[in-house]
Amino acid sequence: MIGSLDSKIPSGPLAEKWTNHKDHSRLVAPNNRRKFEIIVVGSGLAGGSTAATLGELGYNVKCFCYQDSPRRAHSIAAQGGINAAKNYQNDGDSVFRLFYDTIKGGDFRSREANVYRLAEVSNLIIDQCVEQGVPFAREYGGLLANRSFGGAQVSRTFYARGQTGQQLLLGAYQALCRQIDAGTVEMFPQTEMLDLVLIDGHAKGIITRNLVTGKIEAHSGDAVVLATGGYGNVFYLSTNARGCNVTATYRAYKKGALFANPCYTQIHPTCIPVTGQNQSKLTLMSESLRNDGRVWVPKKPGDTRAPNQIPEAERDYYLERKYPSFGNLAPRDISSRSAKEVCDEGRGVGESGRGVYLDFADAIARLGANTICERYGNLFDIYEKITGENAYERPMRIYPAVHYTMGGLWVDYNLMSNVPGLHVIGEANFSDHGANRLGASALMQGLADGYFVLPYTLPGYLAGQIGKRPATDRPEFRQALDEVDARTKKLLSINGKRSVDSFHRELGLLLWDKCGMARNAAGLREALARIPQLREEFWRDVRVPGDGEEFNQSLERAGRVADFLEFGELMCIDALTRDESCGGHFREEHQTPDGEALRDDENFADVFAWEYQGNGSAAAPKLHREPLVFETVQLTQRSYK
Amino acid sequence: MKFKLKVWRQKDPKTKGKLVTYEASDVSPNTSFLEMLDAVNERLVLGGEEPIAFDSDCREGICGTCSLTINGEAHGPDHPGAACELYMRRFKDGATIVVEPFRAKPFPLIKDLVVDRRALDRIVQAGGFVAARAGSAPEANSTPIPKQNADRAMEAAACIGCGACAAACPNASAMLFTAAKVSHLAFLPQGQPERTRRVLKMVTAMDGEGFGNCTNTYECEAVCPAKISASLIAKLNREYAVASLRQEAGD
Amino acid sequence: MIVAVTGVVLIAFVIGHLLGNLQIFLGPDWVNSYAEHLRALGPLLWIIRAFLLVNLLVHIFFTISLAIENRRARPVHYTKKDYVKATFASRSMALSGLIVLAFILYHLAHFTVRVTDPRFLLLKADPLNRYDVYSMMVYGFQNPYASAFYVIGLFLLTLHLTHGTSSFFQSLGLNDQKLTPRLAAAGRILAWLIFVGYTSIPVAVLLHLLKPAQQL
């Protein structure tokens, strides 16, 4: 069905590609823009910013989100900051360096051209956000402050206390509110996308369920933009919000969009360890804490002394020991894996033994508790609320947790998937972070896509589409509506003996175990054998109370978990097929003698994009490979030593 | 730990609601309040009953989705903090806990403990923004902002939009919410051009939604999970007074 | 805002009235001459009275309409409601205000129109032929029931003012983060000073520290 993948990367030198591309892209004249209706699904940093920007440009936008307000999208929870190559610190930063750090951080599994563009527009984002009134941290002189972040040797991260995501999202939300008030954007909160509708092979509409009334509806548009975030919740426990799900992108996948690199998941090194059985989510402690905190475990396995009873000589500051030049700021995948390693050796701390210390004693002695409070006060508060411990007095306990997913729907340079008209932005696409994302880059990518990339590339598609928006009474819509309806009815009619959450928990544990921080072929095969059974049990034995024509949270979750149960399998297939280690994808079979990820550039320097072959998992998905061409950077073994 | 829960159950806006008693047993003190409710729900579902509908999303106190009044206090007894940041260790073993939705006329009930808070969005839509077209912004460091002002703006901007202020207020007033947004933008140079217009439109929208009036009881700031200070309400009053005068003067 | 402005006028009156009344401790001559001066204002006195009355009516009208709006803003009440910071005084302004209103009406009937106590008709003018306000007050307060009602009324007025005084600054936007707690404290102190000042008169009468200047 699908031929070779055309990434549509413009020709010319790396630094000029984006400018050239913009100069030669097709445009839509202002008087024609109002003739288009753009469907944007998701209202986080990517969706919110693009809906606002497209509205401002004069398009008619319909924006959908499952939350009760666009301001609650999970971008809001990002803590640490947003990168930009402003070089305000005079420490040698540049667009090229941000590009290089990002592509190296991603373990050379992303496209040069996309990443370069991201670095290039990063500065515009800071300008834009400041103008919107985002209260970034400032120096006493009134100029913007920066801090450093994992994976970089320059200080290029802009931040608003520990609530950068919140402030950037509120900036986008306020811009969106302005467009809603102006009538260019129509907002559909508490509305979940349940299917994509294709007309003559083009994405021209979606099917939604109103979560309040239960009404299932069809919406048509001239283009569909998915900004629906990542799939980290496939692991059940993650730092994602409870509602985050894969449904929109997975439904698009089932309609023919390729899913790229689903096995690339990021395990964040600094989260609060799991405590109880009932735990419903994991809480992230911003990576920025690693600027001033030192990570350590006891040298002796099974050392149960209180942290302050353990003398300096008996502590192992393992990140500083193993990676002297980056120390506690080693990239996320490396830090996470190191934590797993020391815990596997029995040196983990806390009740469960799955935790390491993040110690601020030195920083407090050096800078004073007040400075530390100013920098991280809210994080220390969160920590105390959850654990009941005061991190000013005793070191925090942290452990890695699923945080971000680099994989996503395949898109070309224009952020359009292989399905014409279907655009995918933000975490929902696969494009910019390769096999591992650096800290403070997610916010950058979401806003880059939303404010400065899609608004330029979307007209390239729209220009040929005037007057092609279908009416929603077309048979394609009818059919999709019926399918969604039938599926909903099916879920409600099973009336089995297990709750939706119990399936989700089981799937999550399985994936965390077999497809988490470290993976191997045998474990992945086990998971691949188990997931279809679990899915079969789900469709036989799940219990979803209530009915479809009402507010029904169990039904919402059931639909999402049903998709996770299919998607988890795709993830494991991808992880098994990618027979190398890279970034967040660590295959135990492939490591250097000192335990670092060992890439296989000869065989795997490409994107894996999977095509759905119909009928659940009966037919294995078909693999398409997009070779990654590196014209500018040299592929090296990542070294943070 | 063991608890007796009295939870507001109401099938839909039209049906009459009532408090229903449930038992929660075997609860670890390290369980969060919402996880305790999850466990109760799991049991209800398996017993063939409808689970308790309640809102939550991020479960780390930043998205503002959770909206419970626990023992008569918005977000429960652990201030400042959202209901999702409340842990069972805050309660005495064996305690009776009353759980109700946020109650205010502009927050119509959807089901059980879930209410519709779009009124807050509409207040922001009326003017809680800076008109800044993507692409037109000047270089970020071209306007220095004294750290003190940036910090004050940040303190006001920290509002998570949960609506606890209105839920806790004896008069169901949303002044703290509105004050936070008006103040955030009024503290910054970027917010100046629309300053007059913004406060007038936002206050009009707020009144139009049917929120009550501020009688300065300061209950809002006591329950605010984002520590928004009620002194911002004084600022809002000031902004509003000045803006009204300006409008009168035809400015 | 209108409530705040009219409120502050009324507070000013309450303070002025207190200062006038406290002259009772300086002897009959002072307070009777103070009353005579007020009376001598003639039409001006009526203008002041009318101004105060209008002020009071406006204050009451707006408060009640606000209170009605506020009640409408929460059609379904909480089964259980706890307050973390809102004081009883701040939550009961309408109620305390209405009781104070009843007190004011009684007070006017008692000492201004003088219809409640037949003994006042028996009072003679003082040696300088002025109305003997001093003796009137003393006789008035010698009735323990009347005094008790005054103390209760004043207590509610105080409660009303503990919140009302600082509230004025908040409503007019005249305070900020640093000032708010200080103004709240100052407001409370002022309110209680007013309480002490006013109640000192009936208390002094009941303790026989003040005796009538003339026998009936």
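Order as written gives the chain letters A, B and C; numbering starts at 1 within each chain.
Criterion: a residue touches a chain if its C-beta (ideal position, glycine included) is under 8 Å from a C-beta of that chain, and two chains touch if they have at least 3 such contacts.
Just so you know, these numbers come straight off a predicted model, no measurement behind them.
Interchain contacts link the chains end to end along an open line, per the touch definition above. Comparing chain C-alpha centroids with the centroid of the full set of protein C-alpha atoms picks out B as the closest.
Per-pair counts of C-beta contacts peak for the chains A-B. The distance from the centre of chain A to the centre of chain C, each centre being the mean of the chain's C-alpha atoms, comes to 65 Å. If each chain is reduced to the centroid of its CA atoms, chain B and chain C end up 38 Å from each other.
Separating the CA-averaged centres of chain A and chain B is a span of 27 Å. Contacts with at least two other chains are made by no residue of chain C.
Listed for chain B are no residues, as none touches two or more other chains.
Interface residues of chain C, counted against chain B in their complex, comprise 1, 66, 69-87, 90-91, 93, 163, 166-167, 169-177, 179-180. On the side of chain B, the complex with chain A involves touching residues 12, 28, 30-32, 34-36, 38-39, 42, 45-46, 48-51, 53, 55-65, 78, 81, 85, 87, 89, 110-111, 114, 116-118, 120-121, 124-141, 143-147, 150-151, 153-154, 157-158, 160-161, 184-185, 187-188, 190-191.
Residue ranges on chain A touching chain B, taken from their complex, read 49, 52-53, 56, 67-74, 76-77, 86, 88, 123-124, 126-133, 135-144, 160-161, 163, 166-167, 170, 173-175, 177-178, 180-181, 187, 189, 212, 241-243, 275-281, 283-284, 382, 385-388, 451-452, 455, 497-499, 501-502, 543, 545-546, 550-551, 553-554. On chain B, the positions that touch chain C within their shared complex are 6, 8, 19, 69, 71-73, 79, 98, 100, 103-106, 109, 168, 170-173, 210-219, 221-223, 229-231, 233-241.
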